[in-house]
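You will see two complexes here that share chain A, one where it goes with chain B and one where it goes with chain C.
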Partner chain A sequence: MRNLIKTTLLSAAIAAAPLALAGAAWAQDTLSLPNLSYRTGPFAATGIPLMNGQRDYMLMLNERDGGVNGVLLGYEECETGYNTEKGVECYEKTKATGIVTQPWSTGITLQVLPKSNVDKIPILAPGYGFSAMQDGKTFQWAYNPPASYWDGASMILQNISGGNLDSLKGKKIAFLHLDHPFGKEPIPLFQAMAEKHGFSFLPIPVGLSEMQNQSAQWLQIRREKPDFVVMWGWGAMNAGAITEAVKTKYPMNQFVGIWWSSLDGDLKLVGEEGKGYRSISWSFPNSQSPVMQDVKKYVVDAGKSMINKDAGEFEWVFYQRGILISAMLVEGIKAAQANFNTKVINAEQLRWGLENLKFDDASIKSLGLEGMIPPFSTSCANHTGHSGGWMLEWDGSKFVKASDLLQADRAAIDPLVTSEAAKYAAANAPWPVSTECKM
Partner chain B sequence: MLYRIAGQYKTSYAADHALFPVRQDAYLLGFILVMAFVVFPMTASEFAFRALLIPVLIYSLAALGLNILTGYAGQLSLGTGAFMGVGAYACYKIVTIFPELNLVVAIALSGFFSAAVGVAFGLPSLRIKGFYLAIATLAAQFFLVWLFQKWSWLYNHSSSAAIQVPNIDMFGITVAGPTARAITQYYFVLCVVCAVTIFAINITRGRIGRIWKSVRDMDIAAELVGINLMKAKLTAFFVSSYIVGVAGALFVFLWRGAAEANLFEIPLSFRVLFIAIIGGLGSIMGNYLGAILIVALPVVLSTVPAALGVPIASATAEHLNIMIVGALIITFLILEPHGLAQLWATIREKFILWPFPH
Partner chain C sequence: MNLLEGIFVKPFQDMFGAPDFLIQVLWEGLVSGTLYALIALGFVLIYKSSRIFNFAQGIMVVFAALTLVGLHERGLPAWVALPLTLVVMLILAVAIERVVLRPLVNQPDIILFMATIGITLFLIGFGEIVFGGENKAMITSQLGIPTGSLEFEPFGGFVSIEQRDLTTVVGAIVLVVALLVFLNRSKMGRAIRALGDDHQAALSVGISLSTIWVLVWFIAGIIALATGIAWGSRAGVSFALEVIAYKALPVLMLGGLESVTGAIVGGLMIGVAEKLFEIYWGQPLLGGNTETWFAYVVALMVLLFRPQGLFGEKIIERV
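And then the complex of A and B:
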């Protein structure tokens, strides 16, 4: 018996040794790009396709081009389960080697944001986090390209009003949202717009424990008979709301969601009955684009992807949005490499890179992302870039584009950004505000 | 051998009732304190401070508060998370209204708010006990979290509905907020936890502690020998909620840096209750052992695959982690249903008798 144990231990040690060595060799010219992922917990359903997309784009570049400019992309996941406590743990674990933080939850972003100035690590939060992060002079280390929640709210209002917000006068808009910093984020903008354009605004919160059973909220909606229901949902809340809307026969063409409420899997649950449901989005799936074909060739068909092929995840809005998120990060890396003339960039250099993202028509085409993302660019004063977005509509089996490119109402949002950013800086004094940025 | 008690004579009542009747216990505690005050701070990385040491201390403190109520006074409570929240929000309001105030004072004051709320929700304990009382404290849990969300004055009307810890200086050193160093925060938490622990040890050994224990063991008998049940139960709620409130303030100010209302939801209450139960109800040391098992062990386990160079996806590692910790909890409870503190007591007993097992 003792011999058996000895042999097992010895063989395990021998087997582990090359692995450890391989790890060391692999680490030499690799950029460490951690992602605080969640493939477990109540939000896993929405997290998994996004994480898969992010991972597969990096794998594809490593396979096809050998990384970027000869440096491998070390995509690493640290599991948080959307738990803020695990989020802090993962942040502390990855900040020593990582050159970026992708917090993937507004709650974790809130905790990490004040530390970013001290630890000097850029936060990349595409399409989430604080809307006020747009103000690059105040939030020097935080990036939320290509559109903020306030942009999304403004675009939704424009689309449902047919381009003229004054036509909403006297109407009632219910705002079904997760009772969490994420869901509360657009409320100030909606309230300001409601006052200005004379519609009534009714926030209906959904607690984390009520996500799967929203009968109380939908009873309220049935009683109030709002002209539109706007949803800020995430994870299990989306499926709950959509099935409940079908059950109460709320007209689907008056039901609009933010970009995190456009998971194909949720709408597949109701299929034809979900027809007419709309969701604003800064991304659109295009499985025929060169990038998607390369991902298919190098990663999916090679059996390296973790996607659920039977469910058709490859075509999903969320999977391809994950691809775009990684594409933004990689473009930031490339910009930094070119500017600093070095291959292995550090966190401060990546910060510069993210500040100089250029997704114009030509570069979107050369990257092979045609039709997947509207053009945008970031600067030291503007960390969002404001790509605008399309309204997507569920046609019973997939999402289709239902509008031209919409743009948010900058005149309504920018003053709010300035005042919220100033408020944040004052509450966290002494808060460094960039003096280098002259824009 | 290590625990030989031969030759340690007690010649007075005071010596017989001393905190450490066996000298080796004092040595062991001294060793642990040296580790905590000198060795860990010299060797720990920032990750170890922020993910292991500080959370273990804070959770131990919260469990200690709950243990006074449940383990010593026998009143079951499921509202710990909400009482921690009261402490945190009270501390936030105090700090933002009086920015000049010393943080220690602010934290000490915030404990009184949670103590007052705890006493208010402890009133039903005069009429009901056991599971019925647990349901009453559950009401506190739901009501208070709802209040944290709805009463925007509590979070200074911030649009994200979350509280953010500003930078707070004490004698020229930043102790809380984003610019604070981990080692400073560790020492701060360690000192508070040590002070509260000394207080808790003494109060549970003394007159009040004995009153609580008599109420726990049989409240009718306690009443017959002349103990005022109302006073006994409400003091237990007061002291327990005070400590829990201080733990809550530390939780947000010295560790998390930001918090939203749903942080204090029922999972937090359960977590603290598990620490107290697995550590051992009616013991002070058990809280520390329980917190090490429930808070620190998963963090340590999650670093194992990477340290061994085993290529394993982080989600899989997380699943494994949950399974291992769950299995360990069940194993420990089967081995010793009265918690880790009792397990240690048995081991210690064996050491004292060694090498002559009876």
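And then the complex of A and C:
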């Protein structure tokens, strides 16, 4: 009952937060930072720890430092349920006051992409969205640091091939993916790689209504006997796939997922039986890092967090990835404040900040994020930054690092980025392309 | 020629070439079909007794399963959490009858249908506030459901049957038989059927509308709990389960909205047929993921020839 009361009060607090911050703004300036969250619906299991992490980092800075350079961070959630139509509604609702939009779905990102040019609001889509958003000259308002889906696909191929993609010749890779823009996003890169390196690529789509009933997909995997299964899963699809893999007795060390398929909660459902499952990731949890200790002190222990302590959510990959996502946004804000010599920045100024993100070893250390994210930096021409990533492996109770830092094959990806960005601009003509960026 | 071969020759070659795999496909289809039939039964019972198409049946599956897991998480043993969940479903049935249905008696069907959408939205919000939206593990072993697999080697091949799936099928059969006995042999069961046949005549002989509604919604709650345990033991309990409930819609179109037999036969037919089609035709010829639409196409084809469904009642109205 105490938990119920606490959850109810915290939910009410989230709803009332914008009002409270509006009141606080009389005394202190506040930046409106909307997040198109999904704490409800079929994808809630994935969304909740991510959004908790994003929220708690902002709360921690507000509590510890009084915001950023004296300006409060007004973290506001607009619930989409991962539904594209609701996401667009949330974008329209928040664009008047927000200085950023965080769409949290590749489908929503693709919908708001053309709007951002008109409304001049930067889209921050860390680790998701359209991979060609890397091309900052074409996608002037869209940012997907620190790695794109095509980066993820390339790193997975490098890892399973032992660094030599030609060794995949004659092998079969099944691509189990959500039948949704997110799941289809890496297909062009996989197809290009399959053609170049001589492996066969077998896409296996999973419909939204089949996420928890993937027996047909795993029967196909049993029949086709692929050498590897690569998963692009989100929400309930991940748990469904992992339990079916266990049931089918597919070798876990041949089963690899993208970073959104590394939710501790999903793997805990199978526990020891999921041992050996791997997932590429641009983030790694480090609960002893200074930033996590501050989040613990100022937010979790103070009873202001919404995390599920009993489930150990504080330690989860997704929760701490949420922390990193907010850290990227805040570093963009700080860069813009310094460059424009103003505390209360606008959307256009934040755009400059996001294309001048510098997460080098020194800044990662000074932010207290050591070991949690590889170095990367963005520019007006490159909105992704390409941090690379680590292969994580489920050891039966948690994810551990199972590789050194991997880097995507730029020679394979960059030409595809250029051609897909040009194709997108032509299909959406007249599409503004930056002439200011000389890089 | 290749296409014709792919449609008429290759699938059957594959079936007879690997009979063990065919058995596995049929088994998986049977398990899915059993679960579709269970969800459809919930819809049919409520429609039969009150002419309400209960849009909330899907969320009731989630709510029942979440309540069970949630009570267990709060420290109650499974043998206490299970009956307590049934009590919660009974309270829900009483509340729905008192707060939603009773004030809307004699209103047009569409109003009652809209009211069930309201119930859905309420249960989503309430469920998320109380239990959260995270995926939770079903307390399968605590409920005594075996979790291993039985393995066979027919025709020199390999067939694996999950014991929890076997339990689901057996449990569903027991539930359906109990339901049929209750509906056909008990006084209350006959009252439910009488209400379904003719509301006014049933009321005139003293059958209490509110009691029957509570009873029917409670039975739908029991079915929802059974479905939630079965689905939840496969891939966890989350709000994604609600989406699966919509798979029951083509089952209802196929079997007929008023027929218990139709729900069972329709569910099994669709479960097996969609699995066979997906594996032998959908994946090789259409790139897969045909299960999202196949059942609807079959149901629509049946409706062309039998608008009332395979087992529905033919309604003739004079104008």
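Convention: the second predicted complex is superposed on the first by the 412 of 439 C-alpha atoms of A that agree within 3 Å, B and C clash if a C-alpha of one lies under 4 Å from a C-alpha of the other, contacts with A are read in each partner's own complex, and residues count from 1 in each chain.
As a working rule, a contact is a pair of C-beta atoms (placed from the backbone, for glycine too) under 8 Å apart; a residue touches a chain by one contact, two chains touch by 3 or more.
A quick note: this is a predicted structure, and the numbers were derived from the prediction, not measured.
Novice: Overlaying the two complexes on chain A, which is it for chain B and chain C: clash or fit?
Specialist: Because the two structures are overlaid on the shared chain, the partners are seen to clash.
Novice: Of the partners chain B and chain C, which touch A:A302 in the superposed model: first, second, both, neither?
Specialist: neither
Novice: Go through the superposed model and pick first if A:A338 touches only chain B, second if only chain C, both, or neither.
Specialist: neither
Novice: Is A:A311 touching anything from chain B or chain C once the two structures are fitted on A? First, second, both or neither.
Specialist: The answer is second: A:A311 touches chain C but not chain B.
Novice: In the superposed arrangement, does A:D179 touch chain B (first), chain C (second), both or neither?
Specialist: After superposition on chain A, A:D179 lies in contact with both partners, chain B and chain C.
Novice: For A:L208 in the superposed arrangement: first (chain B), second (chain C), both or neither?
Specialist: A:L208: touches chain B and chain C.
Novice: In the overlay, answer first, second, both or neither for which of chain B and chain C A:T40 touches.
Specialist: The answer is both, since A:T40 touches chain B and chain C.
Novice: Quick check on my understanding: which residues of chain A belong to both its chain B contact set and its chain C contact set?
Specialist: 39-40, 179, 205, 207-209
Novice: Touching residues of chain B toward chain A in the complex: what are they?
Specialist: Interface residues on the chain B side: 46-47, 50-51, 55, 149, 156, 158-162, 164-167, 177-179, 255-258, 260, 262-263, 265, 299, 303, 308-311, 313-315, 317-319.
Novice: Please name which positions on chain C make contact with chain A in the complex.
Specialist: Touch list, chain C to chain A: 18, 21, 24-25, 28, 31-32, 73-74, 124, 128-130, 132-135, 137, 149, 160, 162, 231, 234-236, 238-244, 246-247, 275, 278-279, 283, 287-289, 291-292.
Novice: For the complex, which residues does chain A have touching chain C?
Specialist: 3-4, 7-8, 11, 39-45, 47-49, 179, 203-217, 219-220, 222-223, 235-236, 239-240, 243-244, 247-249, 265-266, 268-269, 308, 310-311
Novice: Taking the touch rule as given, give the residues of chain A at its contact with chain B in the complex, in rising order.
Specialist: 16, 19-20, 22-23, 37, 39-40, 76-79, 81, 84-85, 88-89, 92-93, 96, 106-107, 110-111, 114-115, 117-118, 130, 179-181, 184-185, 187-188, 205, 207-209, 306, 420, 423, 427-430
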